[in-house]
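Okay, so chain A shows up in both of these, paired with chain B first and chain C after.
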Partner chain A sequence: MNSSTTLYNLGELTRLGSTDGPLQRLHPAAKLFTTILFIVVVMSFGRYTLSALLPFLLYPVVLATVGNIPPASILRKVALALPFALCIGIFNPFLDTNPVLYIGTLPISGGILSFCSILFRLFLTVSATLALIGITGFYTLCAFLPRMGVPRIFANQLLFLYRYLFVLLEEASRMERARNLRTFSKKGLGLRVYAQLLGHLLLRTFDRAERIHQAMLCRAYTGSLPLAPLPPFGIRDLLFCLAWGLFFLLARVYDLPQLLGHILSFWI
Partner chain B sequence: MHMADALISPVTGGILWAVSAALLTVSSQRMRACFDSRLIPLMGVLGAFIFAAQMINFTIPGTGSSGHLGGGLLLAILLGPYAGFLTITSVLTIQALFFADGGLLALGCNIFNLGFFPCFVVYPFLYKPLAGLSPTRKSLSIACVVGAIASLQLGAFSVVLETVASGITELPFASFALLMQPIHLLIGLVEGLVTAAVVTFIYNARPDLLQLSGKTKTWSIGKLAATFALLALVVGGFFSSFVSSDPDGLEWSIQNLTGKEELPAPDAAPYNTLATLQEKTAIMPDYAFREPAISEEMPAHTTPPAPSTETSDMSTAESTGSLPTLDTATGMAGLTGGVLTLILTLLLGFFLRRRARHE
Partner chain C sequence: MSLLELTDIHFAYPNGHSALHGVSFALQEGEKVGLVGANSAGKSTLLLHCNGCLFPQQGEVVLAGESVKGTTLATVRKITGTVFQDTEDQLFMPTISDDIAFAPRNLGLSEDEVHKRVQQALEAVGATYLSERTPLQLSGGEKRLAAIATALSLEPRLLLLDEPSANLDPKARRRLINLLQKLPHTMLIASHDLDMIYDICPRTLVLANGTVQADAKTVDLFSDASSLDAWGLELPLRFQND
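Right, the complex of A and B next:
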């Protein structure tokens, strides 16, 4: 992962979370629970399911378009998430070669079907999660977590980590650039220099933590951070949850594309 | 080796969510019990440090590849098990949300694989005894390397178990384990060397920092053993009752609700989930292929359970349960309908985007 692209991508999603829009104004609980429901329903299908999963594309597409998230930023991250699922799923076509489906006379094996299913589900789950964070924003999400019963110390930890992520990523990318400029024909890119770089970064990190702590004490820190206020859970939020819940139920019970195909063939 | 949402079933994900949530609660309570306000910013900044460290690569001599730090064990060493666990959990959460590394459903699995093992198994039982009460450079290095290898082996094995229990992939247990463990032996060795180098650097420069972790209390062996036994019982019980009979938890619960154990017939079997409800679709006039007689008449299209999955009961159960028997019409209907659905969805997306632009 290139350092500058990492920074850019991270900042991109944050910026999106702070913009205003109909989806951004929804309560974080509505968006979080609907997205979790979405992922659970998508993953609850059998392993050979493909066509019944297609309608679920609607959810990330609507979130991304209404939320004004550029599709390219989501697609880039899906590509980053691909390798592991690819490594594990790639065995399916070789291990399961029974033809289960005929398109015309072309047999499709169960392995290929389940492999495609894994890849499509990866796309669905990853894009839904990224769209969720894009339209919710991390600070709002963290403000909601303790109200849901997540330990407060953990919500604080997430906020802290997120706040200093940018600072330390920038520092590390400066160090990396400095090292790369001083290395010739790969000399100095090995473990020795790397460990010393990390060690120094770690020492600086400890010092930074100490300074932050002092600054916090000066500002009357008592052990926990105040939470940002959240709007009440309104009728719009409820409607959002119910409408999507109903759609997920419908798409889970009926294989909508299959139905559509049959209606078409019936007419023609 | 972050698990992805696309590879786990809701039951497996849910169980590990519950386990990880419990661990998170216990760790938070422990932290509150011996509260040190210095730790709060330190944990946050060290979590950010892990990200920053992962951004810098180093080349592994002799190979073309590069390695970087994983961080679970290093956090446990610097912060102690509880604060270390909270920190690695927060790192994994941000990775899941922003970097698409893992996912929301798989977060529980990832916390368990990459957080629980280094913080609560390797650190107290392997790292501490190996490093000794008054650590030297050598004992620290050995403890780090052995600890990192052990945490990655345990984590990789856990990934294998979770994947096989989820039944999304075809991989049989034994060969998957044989694939994963050696790879992670190498990754563990690299990670161990990096951790050892960083820890000895800190040991030379600021040895007092390594004492920080000594402040948090460690559990007594008996208490830990009892917790493990309970955890094993709960997880094992859940897994055997849910997963081995049928990896699809939703299906399982629906079957229990409706009281029907088996599908009436191998109809459009890839879509056999929620079978009883789906029966309703049979009112469609063109659904002749859904009648059971069809599949018996067409033995050429019926497929026996995959022989390769016989090594594992779970996957065999899944295969026989959902191996589809389909004819051409179904395939074509699924294809045309699928393409149409995609087009409709994308058109809707474009329409919404244009509207959003106009506003």
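Right, the complex of A and C next:
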């Protein structure tokens, strides 16, 4: 994947964030608090839990479906976060070899189960966060953070990071293209050239930061970024939080797939 | 009284490069003035002195009767609108309407007034459809219009434009020229596009080696091939076939 593709993939969620829809119109606080609650509940399960986590799939799926976000765009980005989970759990199957589960006669060790649980939790939490950004928009989220007590400077930094990430990637991709055109499919001069390219990119970033600051000063900037006011927290927002909160509570207290299995076996 | 008056401005960058030495000129309210010169002539540095981004090491900049210095910056920036050469530097907020609202919100205006200013600025540049778009989704011409709108939302008395026609296709460039002709603001336009300056500015300043080499009617300056050549410039395209 070259930097232009990365750029496109990142931009995809920004565009989805601006689309109008029932979830998009919800107050960002409702979506943010519900997603934080979702993450906390998902992470609160024991390390061997897998089946009880399955119902939680409903939350990112509903957000993505109703929010009109193509699943492929979320899956691609979840894949980017996968190496982190792999680093955390890759040794579990070797360290914890006691069988805790049998599928037929096949023993499944605690390590494999906990590794699968880590991967599934990563999938749930990252996809829910991406869906949240997709239906809320990064800017709206950043605008809300200071109202939650997050220092304004962090929210501003995040906002600028997101805005200029694309510009930086575009610059990097132009430099990469210019290098490729004169290396004739060879590796150029290897790491040394890459180090120089990165150095140039850093210097350009300094220059740009200075110019942006000047542009801000010219428009009466005095140290705090003025953000658009948010609509009031309405009854729909409250219902959204309560309905999902209730569902998370149920799914946390009862192992819903197991319960469903019992009911079905009872009927059969 | 002049709207902008520069008297004997000297400025050198920290690396020792002397960008301006002894620049003096005045702009009357309503005037549209071109600022031309070869690369490194000091055009951008001069514009940055007019809005208080840089301060002269010698000499004085007076804007609307007030000397431009640290204590008067708030006033200076309320009456100047700057359009930078690279629109990516200017459009730093996530949507165009947020970007245009940036200055009015910084001034502490009410949300109704902010909304009105955003609408007026977008209407003035003929780009109301850009309101909710992000800078990433805009063409070069649209970004330029949006950048001008961000400056107009301040309701400035003086517009400073640095290479406004750079990187524009012919049609977008023509739309920009028509727009700048139509806007009633006092303007100082730095550019290498002499044909555009000819279309917009009745008066032009030529900057070379950090000093004003000529300050005259555009039509007279741009028909003098030998002087233009000496300043590192050449005849505008429209005169080259005569």
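Convention: the second predicted complex is superposed on the first by the 259 of 268 C-alpha atoms of A that agree within 3 Å, B and C clash if a C-alpha of one lies under 4 Å from a C-alpha of the other, contacts with A are read in each partner's own complex, and residues count from 1 in each chain.
Heads up, the rule we're going with is that contacts are C-beta pairs under 8 Å (C-beta built on N, C-alpha and C of every residue); 3 or more make two chains touch, one makes a residue touch a chain.
These numbers come from a predicted model, not from an experiment.
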item	value
Superposed partners chain B and chain C on chain A - clash or fit	fit
Which of chain B and chain C A:P226 touches, first, second, both or neither	second
Touched partner set for A:L256, first chain B, second chain C, both or neither	first
Touching partner for A:G234 - first (chain B), second (chain C), both, neither	neither
Superposition-derived angle with apex at the Cα centre of chain A and sides reaching chain B and chain C, degrees in steps of 10	110
Chain B versus chain C as contact partner of A:N92, first or second or both or neither	first
Chain B versus chain C as contact partner of A:R208, first or second or both or neither	both
Touching partner for A:M216 - first (chain B), second (chain C), both, neither	both
Dominant toucher of chain A (residue count), chain B or chain C	B
Touching partner for A:I108 - first (chain B), second (chain C), both, neither	first
Touching partner for A:V167 - first (chain B), second (chain C), both, neither	both
Closest approach of chain C to chain B (Cα atoms, Å)	8
Shared contact residues on chain A - chain B and chain C	138, 159-160, 162-164, 167, 208, 212, 216-217, 221
Chain B to chain A touching residues, read off their complex	1-10, 13-14, 24-25, 28-29, 31-32, 35, 37-38, 40-49, 51-53, 55-61, 69, 86-87, 89-91, 93-94, 96-101, 103-105, 163, 167-172, 193-194, 197-198, 201-202, 205-206, 209, 248-251, 268-274, 277-278, 280-281, 284-287, 301, 303-304, 306, 308-309, 318-319, 321-338, 340-342, 345-346, 348-350, 352-353, 356
Chain A - residues contacting chain C, complex	11, 14-15, 18, 137-139, 159-160, 162-164, 166-167, 208, 211-212, 214-222, 226-229
Residue ranges of chain C touching chain A (in the complex, touch as defined)	48, 51-53, 73-74, 77-78, 80-82, 84, 86, 88-90, 92-95, 98, 101-103, 105-107, 111, 132, 134-137, 150-151, 154
